[in-house]
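The same chain A turns up in both complexes below, where it pairs with chain B and then with chain C.
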Partner chain A sequence: MRRAVASAAIVIAAMGLGRLITDHLPTTETADKPFFHDGAVGSPVALDYADVTVTGVHVTPTIMGNPASAAGGRWLVVDLELKARHSPTSMAGFFLVDANDRRWIASSRGPECATAANLSTGVRHWASICFDVPKEALADARLMATRGAWDSHEAQFRRDDVARVDLGIAGSEVDALWAQKDAVNVKEAGPVPPEEAQR
Partner chain B sequence: MSPARRPSRWWIAATPVAIAAMLAGNGFRVPVFWYQSGQHHEIASGDAREWVSVSERTSDAHGDFSRKYSVRLVGLGGERTAYETRYDDFALRDGMVARTVNLDFRADPSVPLKHCNLTLVDDRGREYRVGHLFDGIGPNITVCVPEKTPGPSAPVLKNDARGSLPEDELPRPGEWSASPEIAVPKDATFVELRISFENPDYVTLRLPR
Partner chain C sequence: MGEDIESKRGVLRRTGSYLRSRPTSQKVGAGAAAALLASAPFGGLSGPAADGPGTIVAGKALMVGPYKVVIDKVVELPDLKPAVSPEPSQRVVVLDSHVTLTGDRPEYAVTLTQNVKIQGGGVKVVDGPRLYFVEDATQMREFNPGLTYRLAITFTTSGPWQGDEVTVKSRLVEFREEDSATLDPNAWVARDEIQAQGELPIVRRS
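Our next item is the complex of A and B:
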């Protein structure tokens, strides 16, 4: 009888210890966290599978096209240059994180706005990612670029390399950027540089 | 006086069973997230300039069948900088060129051989591919077959018959050559070509060192 009581106590203690570990140790951080590589506009971020460079950032109420696309707030257009390093790579995770740690997913509403990129090894690929955002999302916005698409658990890119690029928008610049009226012409994504692209 | 109770030993037998059950329960991740998501099963191999016979187990709307064909890698050629996207031509840059992969094929005209993809692997392990659904540049669909007479598609609906062609299309010849181009660095040294129709199966054709 005493043995049975002791065994039950050990089992309950082991379960309690397990619960303490899962509740109080940062197991999620270590098991699920992606590997962030920070960068700034104009400098390449070297990921395990691709080089990611933000080449331009635009804020506009309108993306040119037929028909033109009006933003609900403003379009934040991020021009990218991507290159797969060792093998063909598909990148489907392009999202924005604002100063309040809110996520904004890429919009496919603007003509030629990309939401994913299929990269051939060694061939540079140009793409513009468009986010329809409110004014408060502009300051300190960072672009995240990775292989797995964003989902609410952020599970598609866990333990994977993620480029985190500061788009360089200071809080003091937001009013001027928000007031801009010039439309932006987004060029077709692909292996042709935007300045040479026909569409 | 009753005899002393022996300590329980059942857990010694139960522990390996529990470990095996845990591995089996989680084991589905290996085929789903690794084995089937890349080229991990070499179904045939050979050297350049020799015929390699391939029989690949696959399935269509009517069930399982074997995709049978023979292939010979004649060699690599060409180094144009003009290449193609899905819609246009464009100029390769950064020291990349379009290398021609010269292949000879033999197969029964009823065998579906559209949608193959070719991967050139260099001596540093880098992979350059054409023809895959996720390749944004280069030809697709007819990478391994004649453009005008590509032969049948694998039926996706039960109503489609195996080996059927569009009315105005001639059957594929029994033997033909294909010369698709792959964008590669001009100075790369290649060790093998892989032909694949679907993961994880592939055929390796080794290039002379």
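Our next item is the complex of A and C:
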């Protein structure tokens, strides 16, 4: 009898401990979290699979082309240089995070705007990512670059390396950037340097 | 204690004889009220169920999941170049609309395109809907919240539309914090249920 009571007590205690662990330890969060690598414009960010460098940031209402692409808000165009480190790699996750931790995804509308990049090992690849965003997305915007595409569960880049690059847009600069009218010429993505690329 | 029980029994006896002396109509009414009260925990006192789909009207906002859609007019064209170039026998029906993604996160266009359709006209829809930004004729596949676009929601039809009205329908798209079917939390999920429909006049252009 005593043994049965002791066994029951052990089972109940084990269940209680399990409940405590699942309720109070952020197991899912830690298991799912990507690994962020911070950087700034002009400095390469070394990920496990690629180097990511933001080489330019532009804000414009229009991307040149035939026809030109108009923004619903403004285009935030981020120029990138990418290089796969150890093996051919596809990167499809390019999105912005603003000062309020909101997400903004890249648009495929601009004629040469890239939403993904297929990288050959050791070969430099240039691409421009275009975001059609409202004004509130600009201040303190950071580019996130990773392999898995953004989705509402952010499930495609769990436990993967993510470059988080501060685009250097201060809140005080937003009005001036928003007022800019000059169109931006986005170059064709690929292994050809922008100064030699088409368009 | 004994007196207490006796007095309670007396009250019950008097209540019973009072009820028995009531007319049948009052007894039935009281019975119905009691049944309704008893069914309250199961929804007996809740309002009537929503009856049928809502109405789609030109110029009036319609919610398709997170998207606010205002259909301004419906137009039929031989083509919508450079965006849509159908066969000569086919036509393009355009819902000339303003679309805004509400909420605070991006969405892909499929959440809208999979849940809006047109019917009628004695023709088949062979392609679409697709979304084109009217300002530059580029196709919209991604939306960020807070921006409003004038969009051509295009349907390519097998031939010219017969009649003067187009039936536009939208499916119910619900936000589910937990979805046991997909295990994806916080997702917009389409239900197999028409949320709204309307007959809109079609304008023909050549």
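Quick notes on this structure:
Here is the rule we use: the second predicted complex is superposed on the first by the 180 of 199 C-alpha atoms of A that agree within 3 Å, B and C clash if a C-alpha of one lies under 4 Å from a C-alpha of the other, contacts with A are read in each partner's own complex, and residues count from 1 in each chain.
Keep in mind that, in the parts below, a residue touches a chain if its C-beta (ideal position, glycine included) is under 8 Å from a C-beta of that chain, and two chains touch if they have at least 3 such contacts.
Predicted model, so just to flag it, every value in this text is computed and none were measured.
After superposition onto chain A, the partners chain B and chain C occupy separate space and fit alongside each other. In the superposition on chain A, A:Thr22 makes contact with neither chain B nor chain C.
If you stand at the C-alpha centre of chain A, chain B and chain C are 100 degrees apart, rounded to the nearest 10. Within the superposed three-chain model, A:Ser120 lies in touch with chain B and out of touch with chain C [touch as defined at top]. Legend: residue contacts after superposition of the two complexes on their common chain; A:Pro191 is shown touching chain B, with no touch to chain C. Of the two partner chains placed around the shared chain by superposition, neither chain B nor chain C is touched by A:Gln180. Taking chain A as the reference, the larger set of touched residues comes from C, when chain B and chain C are compared. Put simply, chain B and chain C get as close as 16 Å, counting only Cα atoms, in the superposed view.
Chain C meets chain A in the complex at residues 82, 104-107, 133, 135-142, 144-149, 184-188.
Within the complex formed with chain A, the chain B residues making contact are 83, 85, 88, 90, 92-94, 96, 125-129, 132, 134-138, 183-185. Those residues of chain A lying in contact with chain C across their complex are 67-70, 72-73, 95, 102-110, 131-134, 136-137, 150, 152-153, 155. Within the complex formed with chain B, the residues of chain A that make contact are 85-88, 90, 117-125, 190-192, 198.
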